[in-house]
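Below are two complexes that have subunit A in common, paired first with subunit B and then with subunit C.
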Partner chain A sequence: MGDFTTQELMAILAMQGFAGLSLFSVLLLMALGLAIIYGQMRVINMAHGEFMVIGAYATYLFSTFITAQMPGMLDYYLILAIPFAFLAAFVVGWIVEFLLIRHLYHRPLDTLLATWGLALIMQQAFRSGFGAREVSVRLPDWLQGSYRPTMMIDIPINGLAIMVLTILVTAGVAWLLYKSRWGLRVRCTTTNREMAGAVGINTRNVDRLTFALGCGIAGIAGAAFTTISSTGPTSGSLYIVDTFLVVVFGGAGSLLGTVASAFTIAQGQSILDFFIGGSMGKVITLLIVVAILMIRPEGLFASKVRR
Partner chain B sequence: MNGYLDFLGGRNGLVGLLVLAALILLVFPLTMGVDQLSLAGRFLSFGFVAAGLVLCWGYGGILSLGQGIFFGIGGYCIAMFLKLEASTPEATAIQTTPGIPDFMDWNRITELPWFWEPFNSLTLTLIAIIVLPALFAYVIGIAMFKRRVSGVYFAIITQALVVILTILLVAQQGYTGGANGITDLRTLKGWDINTDEAMVTLYFVTAFLLLGVILFGKWLLHSKFGRILIAMRDREDRVRFSGYDVANFKAFVFCVAAVFSAIGGAMFTLQEGFMSPTLIGIIPSIEFVIFAAVGGRLSLIGAVYGAMAIGFARIAFAEAYPELWLFLMGAVFIVVVLFLPYGLAGLYEKYAPKVRAFLPSRTARAATSRESTEVRS
Partner chain C sequence: MLEVSGLKVSYGQSEVIHGVDFTARRNETLAIMGRNGMGKTTVFKTLIGILKHNAGSIVLDGQELTGLPSHARVAAGLAYVPQGRMIFSHLTVMENIEAGLETAPGKKQIPDEIFSLFPVLHEMRHRKGGNLSGGQQQQLAIARALVSEPKVLLLDEPTEGIQPSIIKEIAQTLNEIQKMRDITIVVSEQILSFTLDIADRLMVIESGRMVHDVARDNCDADKITSYLSV
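And now, the complex of A and B:
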């Protein structure tokens, strides 16, 4: 690090910090869904990455449709594509919960294996449906280019845009969890399932809606993902381990913890990336996270849940 | 059947073991060509990992998605030894620094790194194959189990460790051979491992080692340790309150599974002729679990059948219908988990008595066997 002046170092930190924010956004959007699913019913969804890919392909389909039918709308398609991606992943999530997940609630380790099988099937389905090659969407003009506050700092606009989207979604999830009736039911079920059932909450419905919603948020992550990278059948599986670590590191069931841990992991990777290279940066970040988890297995912000 | 052979699990257990032994020691070698046999040998190497998972997951309740780590440790240890043997100063005379493995030379490393030195000796290599995974598993195990990390958390952390290891192996290519792994392995103490005879010999070594590992596993499960293991899986707190140090027992079974995997990894590398990060990554690590799940998570012998069944099915399907293979594999995962939690072994235990009931000679056979037990006891 000695070769850089302080000013250069600051610029590097700022740029890598913003680059980290893109990773942070995708990780957080993925982790939010996973965290509410895991927090609610202790189910580990190994196919979560594939739900993200559903969202990404939905966005891709939507953009090709708009390009073909209404080229004039191309500047704004993304805004419509996001709910579409959400809906696609939500519906698939709903079906999957009904067919598969609900039979496994009492066997969390087995859900892990079954959803891995589901992930394989979904990957192959993407490959058969969209081809093995990666597809990418055409970015609207206003998302291209970058914002340069000083000579040395260069921040891509699309990174900023998904950052904004992430903040909105996170706020939305927080509102749903802590202010809405559904959130109240979820929190009741998480705290004490039998009691919640006894006071008249249909816990099965809550489970299904939570699972589908978690998948839907992964779909939004997919829509965001298309703006920073191209999508292939296995794009989702690249993020799944990191996302799990985010959830576990943050302390399952804690929204604040998930945000904090996604931020830490993404920034750690991004800044180390510059100094010691991408792979070693990732190794060091993951090692630190695992080491912290060994010392503090309940994660950064542990929620007090009756088991 | 009372006495020192009890751990085999009575008459049924003995028959199961003998059938497996007959299959892999007689039927396979007699009916298969060398190519097929060496494939089977590789699947048997996976059987070690699956058998280890039966102990630690099926009986201990510890799901590790990181068995690839230990498979890799075993594999890389033997690969490093073979690579050093292949990299004599004469064979590598064209390199800038003769006498070091070729990939080190490509990465401008001029001296053998210190951690490669012990692998000049076969004895030290063989010790490393057993000791390194055990040590590594012990450190991970104690660190996690003392803090009562278990279940899903443990699975995710072991998976993260796999990711760390594979990225590290790929990134440090000067020391590890990178994404290609350690290739061009030729001789073991001057014995060419790529000939047909060598393949057959290695197959038999693998088969015998596997039977040995299964016997050891059965003995372990039959001992008091096995009882504690099951008790811990079902009611951990009660075992703890009874005064047992749960973390130590769990770490021990995790170590045993790790050593099994490492032996499998070493035998695999000898037969495959190379070792690379793709063989030990997330996907292989989860596949090991599936071998155990398909075979039956409570059956050491079943685990071997699971590994072979998936292995041969992959060969048969992936060649004919590569597109369908992932669908099939995914469906197998789901079906096994949903409907066959005890795998093939569970199916056998459920239906074998019913099938036997239809066989006419059943009463006669039961009678003779009862007689013989009485005589022996």
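And now, the complex of A and C:
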């Protein structure tokens, strides 16, 4: 690192740190959905990345439609595309739960295989439907360009926008989990499924809604993803491993843990990426995560109460 | 109010409840007594729908409950306080009670009478359920069941693992509830003194069969004790 002056080093740290924040945003959006699904019904959804891609393609379709039909709306369409992406992934998630997942509860290994197979089917469906080439959406002008606080630091506007979106979605999920009736049902079921049923909660309905909601949030992640990268049929599979890492490291079922772990992993990778290269960066993050999990098997944040 | 007839339950291939019949009348407190392993908890879990039954019927106020999932049984008017309390340990006391409001339509607020029955729960309302003492958790579990305004309340060994002074308190509370509301209580127990404080009728279960049925007023304590002795 001797080739850099202190000033350059600081600028690099700031920019890599910010790139880390963008990665953090996408990872967090993905992990939120995965974590609530795993927390609620112990289903590890291997197809979660593909639900993100559904959101991304939904955004792409929406943008193509707007470009062709209502070019005047191009500046604002993303605001509508995000709920559209959510809805698309939510509906597919609902159907998948109904057709596939609900038959496989209490069989964790089978759900793992089934959702992995589903992921392959979905990837091929994307390839058949949208072609193997990556597609990208037209960004509105206000999302392009960057913010330069000093001569050397360059912060892309779209990264900032994703962060704002992530904060809003995280706050929304937190509100839903801790203040809404649905959240109470989820937290009851997570603690003790039989007992939740025995106090009158229809756990089947809660499962379905939770699965669909988790997928919907992945759809939002997909909409966000289109603004920083182009979308291909296999884009989802690139994120799924890191997302699992985030969920396990954070402690399944803990919202705060998920946020903290997404932040740590994204920042670690992004900064190490610059100084020692992508693959070594990944190796080191993984090693650190494994070491910490050996000391704290329940993840970063596991609440301590008498059971 | 609650009529159970010919109830048979198996774990895998071994049948453990061999055709149990009993009826709990309106506003009656019926105690089912028996030693550990005689099938009390199995009967209760089957009543609420956690375990599946092989044969027989469970009729609540004219409605057949067999085949319904737990939450539908609660909606039909059954409430369940399990052995070992099973409160939601990560949820606050308030949230635990609110969970019980699920099938009470149009109700979002915990009724004041719950906190007047269990003042300690009001004091602890922002604590996590898991940080309460055993006796407090038992009260919480009863409160959670009561807010659904049940016709029949099932209590599975409410005194297990609870200090004697609190056991007396729970007996008083149950009698108070019985006075305040139109409610049938079915309770499983091993402690005879507690049962005599609350029950109108006592039945004894042994190896999955009902072997004794007597009103409290003419019950022979020694005979029941002999059933309960190990």
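We take it that the second predicted complex is superposed on the first by the 302 of 307 C-alpha atoms of A that agree within 3 Å, B and C clash if a C-alpha of one lies under 4 Å from a C-alpha of the other, contacts with A are read in each partner's own complex, and residues count from 1 in each chain.
Methods note: a residue touches a chain if its C-beta (ideal position, glycine included) is under 8 Å from a C-beta of that chain, and two chains touch if they have at least 3 such contacts.
All values derive from a computational prediction rather than experimental measurement.
When the two complexes are overlaid on subunit A, subunit B and subunit C sit side by side with no clash. Of the two partner chains, subunit B is the only one that A:244 touches; subunit C does not reach it. In the superposition on chain A, contact of A:131 is made with neither subunit B nor subunit C. Between subunit B and subunit C, an angle of 90 degrees opens at the CA centre of subunit A in the superposed model, to the nearest 10. Contacts of A:145 after superposition: neither subunit B nor subunit C is touched. In the superposition on chain A, contact is made by A:187 with subunit C only, not with subunit B.
Look at A:44: by the touch rule set out above, it reaches subunit B but stays clear of subunit C. Contact with subunit B, but none with subunit C, is seen for A:118 once the two complexes are overlaid on the shared chain. In the superposition on chain A, contact of A:103 is made with subunit B only, not with subunit C. The least CA distance from subunit B to subunit C in the superposed model is 15 Å.
By the touch rule above, subunit B contacts subunit A in their complex via residues 63, 65, 143-144, 147-149, 151-153, 155-157, 159-161, 163-164, 167-168, 170-171, 282, 286, 289-290, 293, 323, 326-327, 329-334, 336-338, 341.
Contacts from subunit C toward subunit A in the complex involve residues 48-50, 69-71, 74-75, 79-80, 82, 86, 88-91, 95, 98-100, 102-103, 128-131, 144-145, 148.
Considering their complex, residues 38, 42, 44, 100, 103-104, 107-114, 116-125, 127-128, 237, 241, 244-245, 248, 277, 279-280, 282-283, 286-287, 289-290, 293-295, 297 of subunit A touch subunit B. Contacts from subunit A toward subunit C in the complex involve residues 184-185, 187-188, 190-192, 194-204, 303, 305-307.
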